[in-house]
Structure formats: structure tokens, C-alpha cells
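What follows is a pair of complexes built around subunit A, which joins subunit B in one and subunit C in the other.
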Partner chain A sequence: MAKFLLRRAGSLVVVLLSLSVLVFVLQRIGKADPVRAYLGANAPALAVTQARAKFGLDQPMLVQYWNYLVGLVHGDLGMSYSTRRPVTVELADKVPATLELAVWALFFAIIIAVVLAGVYSLKGPVSGVIRLVFFSLASAPSFLLATLMLLLFFMQLHWFPAVGRIGDPSVNGPTGFYVLDGLLAGNLAYSWDAVQHLVLPALAASIGPGVALARVLADGLSFGMGSNYARTARSLAESERSILFRHALRNASSPALSMFGVLAGSMLSSLVVVEQIFSWNGLGQYLSTAITSADFPAVAGVSLVLGAVYVVLTAMVDIVLALVDPRVKLA
Partner chain B sequence: MLSFPDLRLDRGRIRRTGRRALPFSLGESIALVCLLLVVIASILGPIVSPYSPIIPSGAQLLPPGSPGHLFGTDNLGLDVLTRVMVGARTSLFAAVVTTACTSTLGLILGTIAGVVGGWLDNILMRITDVFLAFPGPIVAMAISAALGASLSSSIIGIAIVWWPLYARLARGEVRRTATSMHVEAARMSGSRGISLVLRHILPSTLPTVAISASLDIGGVIAVLASLSFIGLGTPAPAPELGLMASMGMQYLLNSWWVPVIPGLVVALLALLCNYTGDGLRGVLRARGV
Partner chain C sequence: MTPVLDVSEMSISYGSRTPALLAVSDVSFTVDSGQCLGVVGESGSGKSTTGLAIQGLLTRDSSVTSTGSITIAGTELDPVLETGWRQVRGRKVTTVFQDPMSSLDPTMTVGRMLTFVTGSKAESLRWLEEVELRNPAVVYGSYPHQLSGGMRQRVMIALALARRPALLIADEPTTALDVSVQAQILKLLRREQAALGCGIVFVTHDLGVAKAMCDDIVVMRKGRIVERGSATRVFASPESDYARHLMESRLTMATDRHRPVGLPEPTVVSAMVEALNENRAVDEDSAAPDATASEVAVPDATEPPAVTAEWEAKALLWSRFRPEPAVRDGEPEAILEFAGVSKSFHTGGGRRGRKPVLFSVSLRVEERESVALVGESGSGKSTILRIAAGLETADSGSVRRPRLHADDIQVIFQDAGASLTPWLTVGQLLTERVRNSKRGGAKSRAEIDELVGVAMDRVSLDRELLRSKPGLLSGGQRQRVAIARAIVIPPAILLCDEPTSALDVSTASTVLNLLNLLRHSLGISVLFVTHDLAAARVISDRILVISDGRIIESVLSEDVGESVSSDYGRRLLDAVLS
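For the complex of A and B:
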């Protein structure tokens, strides 16, 4: 186990370093000249040369990358072109917003997956219709799902609010996770308001990954229920329910977990779109604003943060997988 | 309580393969026919349509069903039907180009890795490892943002992120084929190097990669539309489906059709491609590929 953890940590570092190289290269090949963007297009040549020296852009590429990497390790993501503020400062309050939404979306995705996997195992026309509906929903881009949810649950039924994270930003909590902040402050109404704001965007981002997960889970369950160990358990008079939960689910959860990486990636990109639609003040909305204003340091900062979150998350999933499924360690 | 009655004696699985012996199920055949109809409509529609996709042709924000404007008009008075037909054509074309580029790149690199082996194989596979560890869509966004927002930079972004999947697949197929009898026989009869690869190995790896690529087209359509939605496609007023939906969002309250119809068209295209792809996968499984 120690050897496995060490190897996994090593590959985590390699991947994070490669991500930083990629983003560094993208910043250098990008169309925008950082100095011109900083000083304006009509800056005198002398000022440009001085700024170039000041930012270290006249140094060899490897030195520049080293400086960039040292900056990253110290939490320096560069300056935003459009606001002239450090990207790290701008992102600070947006990270919890996106993480809170992502956690809820993940939660919904797991519920959808488990319920649908159950439906998939049933037969008959109702199950067929449900499968078709969810297959269609999973094919739809997340911006359409978000739009349709706004039309139905906000404009027709008035069940949920449409915009932002909270109606009344009275609690200024320590964590930035509004539901948690409300609970910590003993303000239940505040938490409930935050939950209501969370439901629609989280649901819009969770349907695609949820359905994909359900298919893997259902395949694994039906394979497990037809396998030799299930037959043995049946011959020992174990009930179907006990076989399902004690044996098949545990075996099926391993492929489902290993698919988690791909799903988390697609969920992150849906969040970018969904945040824009629901005016969710998180990384995604910040990213789309940065894209429209061609603010590449900001784009690079968000990509690095989301990328790092994703990479660390998949590493954690791998470790959990090794704990759940002893066969993984041999690979 | 959940139960799996039809799997106790593997009856379910036998029946499923029995059904798959038919090339396509009824639903999948319908999807295929609909897909062909949509392709034809998206090619012929813009030619037949009396309206231009970028020159206003009527009153603003006419609802669907208005005379002369079946899907209504948008905030500029552009005919929505004409725009979504042009958009669908762009979408399909871009998705096919993207998957073709990505899978060709992956096929070439994967075949090289599989055939040459040794250190080159090692290096290429470590590179694919690193790429597969990245969050694909996010990196694709970063790449196309760095290259400047346009449809071609979105395509490049997706291609750079997705080739490793095909490279893995191709390498695996090559290694499997390389040990098979017919390649052995070809080697015996003196076939070497590139001609061995092109004449004996590639013909059996190509279909797998091509089919896997065609399965991905539906997903690529949705990803391209999402990139265009967040501003990484061709700038307005280009008739791109994602862009149309995002520009139309501000009219959602009063004129739902402006943002919703382009989104529905993306969903329809992706669904038809996915459904047809599922049929294709079923055919392959039935043939034991």
C-alpha cells in the first residue's frame, strides 16, 4: 500500500507539473502580448522594453518558466489584464462558490445514478420510457437543460429562484460555503435560501454525468447478479437483496468509481456553462467573462485551479478505489 | 425491492445477443433515418430558404408559427429556422472534422507506438497518460482561448485533448493484430516495415478506431456547442448554435424560442448521433469485435 501511495503521489506531481508547462506555453504562444496588454497598444518603445525587463520577459524561456513555477507555488497566478488585480485575489471568493455547487451536483449525480440503475434493471414499457427520456436528457448540452429548468421551475412553477447564490447576503461567513455558513451562524433561513438557489444549477450540471454513471452501474450490477459468486450466495440461501447490496454493489462500484474521473471533467465544464446562465458568482462565470474580454492570465488561472482540483480529486479516487477493490493494487 | 429475475439463468443475456443479431433495433433504425433527414435538411435548407442567416428579414421577436417564419425571428429580426439550419450544418461539419482529425492523429501515433515499441512506445504512452490525467474539456477551453476565439481554435483545442484516447485504442489493436496468424504469415512471406503495417495491420485496426470515432460525434457536437456558448466559437452574428443560445438568453423571459430552439437543435443532433452510434456498437458486439 505504501508503495502504491508513493507511486500515485509521484504521478500526481508529474501531471501537475505538465499542466503548469502546458498553461505556461499557452500563455507564451497566445495572441495577446502581455506587455502591450498591460501598458496599452500605444505605449512608447522604451516603456515596453522596461516593462519587459520588469516582468522578466527578456530572459530565456527556461528561466521564465522557473520564475512562473516559483510564483505558482507561492500562489501567484499573475495579473488580470482587465482589472489589473492579482488573479489569485480575484479567485479567492469564487473557489468556494464553485466547490459548493460541484459538491451538490455530485450528490445529485449519485442519486440519479443509483435510482436510474434500479430502473434499468426493471423491465416493461415504463422503464423503457424512462430510459429514453434520460438518454435524451444526457445527450442535451447543459446550457439547454439549464434553460429549460429556468423556464419550467422558475417562470412557470415559481419553485426556485433563478439568479445568484443567495437572496439576502447578510451572513458573511468564514467558509464561503453559504449553506455551511448559515448553519454555523445558526441562521437556518439563510441556509435554506442558499439550498433553494443551489438546486437548479446543481441539477442542470448533474444530469449528464448521473445518466452516464447509471449505465456503468447498471451494467456492473446485472453482471454481478449473474456471476458465479452470486450463484454461490444463492445456493447458500442468501436473499436477493443481500446479494445485491453485499456483493454486487461492491463489485459494481469499482468500475463506476473509476469512471468518476471522466465524469468530474465533464461536470466541471458543465459548471462553467451553468454558472454563466444562473449568474453564479464562481470560477465558471469568471472564466466566461475572462474569455469574452480576452483576459488570458485570468483564463489560465481558472484552468490551473480547476485542473489542479480535478487532478487531486482523481488521485484521491484512485486511492479510494485501491481500498475498496484489492485487485487494483496488483495493476 | 430490486430484483434481477431475468439474469438468474443468463436468460437476459442470451436474449439480448439474440436481438442484437439484427443489424439495428427499430429505434436505432428510426434514429438513423432521422439523422439522414436532418443532414439533408441542414444542407438543402439554407439554399432553399428565402432568408439570409445574417441579414434581418422581418419584424423582431416574432413568435414561432408566424406567417413566413416557422420558428419565429430573433431580437434582430433574423429568421430562426434559417439560422438553426445553417448552424446545424456548421455543427455537424465541425464535429465530423474534429473527430476525423483527432482519430487520425491518434491512429498514427498509436500505430507508431504499437509497431515500433521500445522507448518510443514508452514515451508516447507516458505522454498519453499525462494527457488523460488532465480535465479534458477545461484544457480544451484554455487552448482555444489562447489561440483566440474561433471555431477552428475550438476544433484544435478538442483535438489536442482527445487524441490520446484513440492512440491508446489503436496501440492496443495493433499489438493484438501483430501477433495474429495472418500477420505472422505475411511476415513469413517476406513482408516488412511500412508495407506490412499498411497492408496487413492497418486494415484490421482502422475499423475499430473509425467506429469508436463515429460514436464520439454526438458528444463532440455538444462540447463544440458549449464552447461556442461561453464565447469560444466564431463571434456574433455568426449562425452558430451555441452562440445563438447564449446571445438569446437575455430574451428568455419574453421570447423563449430565441435561446431554446438552437439548444434543442444541438440536443436533437447529439441524440440522433448517439442513438445511431449505440446501434453501431451493438452491431459490433454481435459480430464479436
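For the complex of A and C:
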């Protein structure tokens, strides 16, 4: 286990390094001039030169990169060109916003997967209709889903709010995860408000992955119920229910878990779009403004955070996978 | 005394297949306490369906229909209706299944599985001891993949016996195991049966196992029982044609290795006639200048009835098919030679994690010679074959294939179905082989078609099948297609990796007969890898016994029974069921 964690920590470093190189090179190749973005198009030449020197942009590229790395090791992601604030400060409230949304979306995806996998194994017209509906929903891009949900649940039914993370920002909690902050402050109304804001965006991001996951899980379950070990269990007088829960479910979860790891990664990127639609003040929104203003430190910061989250997530999935299937060895 | 199992006029059909398949038709038999009844048959005989029915494992699929009844320990049951089975299945009748790896839940420890049945850890440990597992406490905490095949099957037996059933179904319980492990498992089953006094239904395709294990036998074919009686009687003097055919196909250490195995088969006979006529044509050609001599030299017994009669009379010897005299000048030349070959494989455990599989192996296959490599799983025998084929390279030592180029080496694998490209027809597969070869590449369409047709004749497959895809063929047919592909351009050496072990008894004997015919009539050398000493003896001139990556003995097939001297070799010999 220790060896595994060490190895994953190593790969985290490698991923972060290559991401930073990639972003750095892209920024240099790109036409956009960060200093112009910083000062505005009509700034005097002197100011431009000074700003260039201030950000170290007049130095050779390798030196610039080295400086960036040194800062990174000290926990400094640099200064945003467009907002003139440290990127770490900017990210401090965006990261929890996106992670909170991501956690809920993953949670919804699992629920959808389990429920649908159950529906898949049933027979009859109702199950057919449900499968069709979810299949069509899953094939729609997430921005379309998000818009549809807004139309239905916000404009027509007024069930859920449509914009932002919270209605009344009364709690200024320690974690930045609003539901948790509300609970910590003993303000249940605040938590509930946060939950209501979370439902639509999380749902929009989770339907596609959930349906995909459901198919893998349902396949695994039906394979498991027809397997030789299920036959053995039957021949030893185990009930169908017991076979499903004691044997098939656990065996079916390992392919579903591997799939889950992949889906979680791609869901992170789909959140960028969802955040735009729901005006969710998270990494996605931040990233899209940063890209348009050639704000390299900001873009790099977000990329590094997402990369780290992805590596940690895969490591977690692998650990759970090894717990579920004794044949899997952590490596 | 009432029997523990009474199957009465049972018929079962699968409605989901089109046309509906009548798998079992009007089958009746009984089993008493302490009796072991063998249900013997080849694939498609209905023996497996019978086995499933008497465990009540056909009640989930509503498309399966049945007539007749099953009475287990006094409870009358319907083969396909769940009513009443709940009190019987898993309590009065339990099963030891074929493949213990897939039949045990990979995510569950042996202890958890067993305690579900026994109710307590102490009782589980006692059962693990009962089935002669060393170190029961360790096995108790192990997962199936951490155990060997034999250990897994012992666990399976413990699971099945722990409820003290009145009836035990053994569904090919030793088929997936090594021969020496097989003998131990059979011994264990017999001992436990004596201790518990349960009746056993032993479903198997392996006649040797049935003979060793069973008191009585029913022989099934196409869903019907074609013969029944005491094991001794059925094996000694089978009454039905089919049973006689099966018994004759069985390979033992007493099988005459100089002539074809089993009873005459029209398909093999036609291939033989073909070969004889070809030889005669060659003789005529070579003797052409002297017309009178050729008339005298040419034998005329080359019509199928004559060959059949000769075979039936046990007078047809393989030596007849040799086109030229076996005596040659000087030393026979080696065609494949290993000298001190070692090989190890990565096990993935770090940089130094290598597992040695071969230790300084030396062997020699001469022109026209057939050598069998006999060993159990993990002995390294398949690795030798793969190195000989050039599919793997040796770590050290030398592999010489004098005068051989790619065309001259062909391999036939155990699972022929998997080695045939599923979307190509048999004809395309064979044609492709000819086109990709050096000798056949430049041939015209008509010449290739002729070659392909002749190859089909040689393995006694109907030329009509050239238009079929492998998926539509039976296991035996697919194996013969694989052989046809290997010999369509006759190689100098044929490497065979257990080509008969996945086949039914009679199909296996056909394949062995064809291989023997090909090696005698075409003069092909053979390296034959197998775990079955009896098969090795029939197909080869010389047998190499291999164990743990070392060749420990080399004996002539002619007198293998007497001349095997190593302990391991004797153990393999003892494992061949008479």
C-alpha cells in the first residue's frame, strides 16, 4: 500500500510537471500578449516594458519556466494578469465550488447507475420506456440537457433555482463547500438552499455518465447471475436474492468501478460547460475567462488543479478496486 | 430399498433454440445409496442436460419444457418446475462442477463460502481437513485464485459434501485437472462416498475415468440411452454399435500403436484410399520406363471396402502408407535440434521478477520422426513448442532448424476454433495460407484450388465445407480445418500442441488417425505436446517426459510401459486409467 501511494505520488509529480510544460509552451506559441491583456490595448510603450519586466516576461523562456516551477514548489501559482490577484487566492473559492458540484454529480451518477441497472434487469414495457428515455437523454450533450432542465424545472415548475450557488450568502464558512459549511454553522436553511442550487447542475452533468455506468453494471450483473459461481451458489441452495447481493454485485462492481474512474475524469471537463449555463462560480467559469484574456498563470493554475484531482481520483478508484476484487494487486 | 434417485421417462427440450432442440429423450435410470452411476457420452449426447435436470438447475428458464419425473430421496419433482426443489436442491442433492476456477466466486474466501454451508468455522476447518487439504487454516483464509486447480476442486468437494447430501452429482469433476491430480480427486470422491454412503451420478465424457469410478454405466447418444449395465460388462463387451465404437476409440497403454485407432470410419478410410492411390501414382511415375515391372509392383487393394475390411480385421498397418522404404543410407538427419535451451518469463514483480520455465533443454527431432513431449501443466512443454515454432526466443542455448524455412514449420494449437479467423470461409483460410507461402505464392488460381481440395481430402473434410465459416463447424471439424491449413503446403515438421485434448473421444481418435496417416504418407516430422501418455504413445516414435522445465527421460514409444524408469514418469504412467 505504501509503495502504491508513493508510486502514485510520483506520477502526480510527473503529471503536474508535464501539464505545466504543456500550458507554458502553449502560452508562448499563442499570439495573445498577456501584457496587453493586463494593461489594455492602448497602454503606453513604457508601461508595457515595465510590466514585461515586472512579470519576468523579458527573460529567456527557460528562466521564466524555472521561476514558475520554483514558485510552484513554494505554493505560489503566480499573479493573475487580468485580476492582478494571486492565482492561489482566486482558486481558493473556485476549487471548492467545482469540487462540491463534482462530488454531487458523481453521487447522482452512481444513483442513476444503480437504479437504472435494476431497471435494465427487469422486463416489461415500463422498463423499456425508462431505458429509452434515459438512453436518449444520455446521448444529448450536457449543455442541451442543462438548458432543458432550466426550461422545465426552473421556468415551468419553479422547483429549483437556476443561477449561482446560494441565494443568501449569510454563512462564510471554513471549507467553501456550502452544504458542509451550513451544517458546521448549524444553519440548516443555508445547507438546504445550497442543495437546491446544486440539484440541476449536478443532474445535468451526471445523466450521461450515469447511463453509461448503468449499462456496464447491468451487463456485469446479468453475466454474474449466469456465471458458474452463481450456478454453484444455486446448487448449494442460496436464494436468487442472496446470489445477486453476495456474489454478482461484487463481481460486477469491478468493471463498473474502472469505468467510473474514466467517467469521473471526463465529467470534470464537462463541468466547464455546465458551470457556464448555471452561472456557477467555479473553475470552469474562471478557466473560460482566463483563456480569453491569455491569463497564463490562471490557466496553468486551473490545469494543475484539475490534473491533480484526476490523479488522486484514479488512485482512489484503484484502491477501491483492489478492495472489491482480491485478484487485483495495487501497483 | 428405495433408490435415492429415480429418473422416470424424462424428456427435456430447449424451446429457445430454433428449431426446438430435444436434448434428452425418454431417459430412465435409478441410483441407490452408495452406488456410483456413470452417465457417459460425447458432446450433444444430453448428458450435461440430464446432469442439470437432476440438480434442479433447469427451473429458471421458462423456455425449457419437459415430461417425466425425477424422484430424489422420496420427493417427486418436475425437471423444469421450481415446486419442491427448494427443499431438495443444495440439501439432498449437491454438485461438484467441472471447472473449479470459474465455479468458485473469485471475490470470496474459501472460509466465507464454506461457512455459509457448514454454519461454523470449526466445522468448515474440519471439512477442509476431511478433503485432505494440507494447512486447512491457510486455505480457509485464501481466495480461489491463490489455490492450485487440485486444491480448488477439493474445496468444491468440501462445499458439496458439507450438507451430507443423499445424492452427489459429479459433473466432469476432473476434466480441467492434470492427470496425476485427477487420480487423487477420484480417490477422494470414492473414499467420501464410502464414508457418507451417498449415491453419485458421475457425468463424464472420459471413458477411463468412468471405468475407474463407476459401478454402473449408462451410455447416452443424441439424448437417448443407448446402452446400460455394470461398468465391467459395458467396457468388456458393449452391445450397441455406438458403445462399441466408443470403447474401441479409447486409448490405453494397451492400444496397438501400429495401426489406426478405433473402428473403421468412412471419412478416414477415404483419406487413406487417397493416400494409397497417390503413392501408387508416384510408384508408377518412377517406374514408368519399365512398364512390366510397374504392373507387378502396384498393389490393387485401394478401394474403400477393401481398406475398411483390412482395418476391421486389424491388419491395416501404418507402414503400408510409407511411400518409400524406411531404410535409408547413413545417419538420419536432424530437422529440429535444441541444445541447452533455457527460458524464463517476466512475472511483473519488479525488474528481477523472472520465473524460469526451461532449464537447459536438449532435444532432437529427426527427419520423418515423431516425438512426443509429455508433461503436466506448467512443465514447460508448450514453451518448448513455441520456441521451436519461432513464436518465442530462447534466453540461452541454441535452436537449430537445419534446412527449414518458414514454410516448413506449421503449428496446430489445442483450441483450433480460436486460431481460425471467424469471418473468413474455410476456403479463404486455406487459400490465404497457400498464397502466403513461398512455394505456393506464385501458383495460379486453379493450382491453388486443387491444392486446397486435396488438403480437404487428406483430412477427410467434404469439399462443400470450403464455403462455410469456422463458426458453423463442429469442434472436430474445426480441428481438421486447422490441420488442413497446416498441411496444404506440406511442411517438413508439424508442431502440435494438445490438438486432441478438447475433443470428444471418437473425434480425437479421428484426428489422431489423420495425423498418423499424414505423417506416414507425407513423411512429415511431428513434435506432439500432450499431457496424455496414451495418446503420445500412439502418435510418436519416441517420448520425452518433461517436468518442471527439464526433460527427465526419453523412451521409445514401442515399450514405454516397461522402460519408463523415472519416478515422475511412472506416476504419469499410473495416472493413465486402464
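Some notes on this structure:
Definition applied: the second predicted complex is superposed on the first by the 274 of 331 C-alpha atoms of A that agree within 3 Å, B and C clash if a C-alpha of one lies under 4 Å from a C-alpha of the other, contacts with A are read in each partner's own complex, and residues count from 1 in each chain.
Throughout what follows, contacts are C-beta pairs under 8 Å (C-beta built on N, C-alpha and C of every residue); 3 or more make two chains touch, one makes a residue touch a chain.
Everything quoted here is computed from the prediction, not taken from an experiment.
By the touch criterion defined above, A:324 lies against subunit C but remains apart from subunit B after alignment on the C-alpha atoms of chain A. Contacts of A:272 after superposition: subunit B is touched, whereas subunit C is not reached. Look at A:250: by the touch rule set out above, it reaches subunit C but stays clear of subunit B. After overlaying the two complexes on the shared chain, residue contacts for A:235 are found with subunit C alone; subunit B is out of touch.
When subunit A is checked against subunit B and against subunit C, the one touching more of its residues turns out to be B. Look at A:155: by the touch rule set out above, it reaches subunit B but stays clear of subunit C. In the superposition on chain A, subunit A positions 234 are in contact with subunit B in one complex as well as with subunit C in the other. Against subunit A, in their complex, subunit C makes its touches with residues 55, 57, 86, 89-91, 94-95, 97, 99, 102-108, 116-117, 143, 145, 156, 159-160, 163, 348. On subunit A, the positions that touch subunit C within their shared complex are 227-229, 231-238, 246-247, 250-251, 324-327, 331. Partner subunit B is touched in their complex by these residues of subunit A: 11, 14-15, 18-19, 22-23, 26-27, 29-31, 118, 121, 123, 132, 135-136, 139-144, 147-148, 150-151, 155, 221-222, 225-226, 234, 240-241, 244, 264-266, 268-270, 272-273, 276-277, 287-288, 290-292, 294, 296, 299-300, 303, 306-307, 310-311, 314. Across the complex, subunit A is touched by residues 1-4, 6-8, 10, 12-13, 27, 129-130, 133-139, 141-143, 145-149, 218, 222-223, 225-226, 229-232, 242, 245-246, 249, 252-253, 256, 259-260, 263-264, 266-267, 270-271, 274-275 of subunit B.
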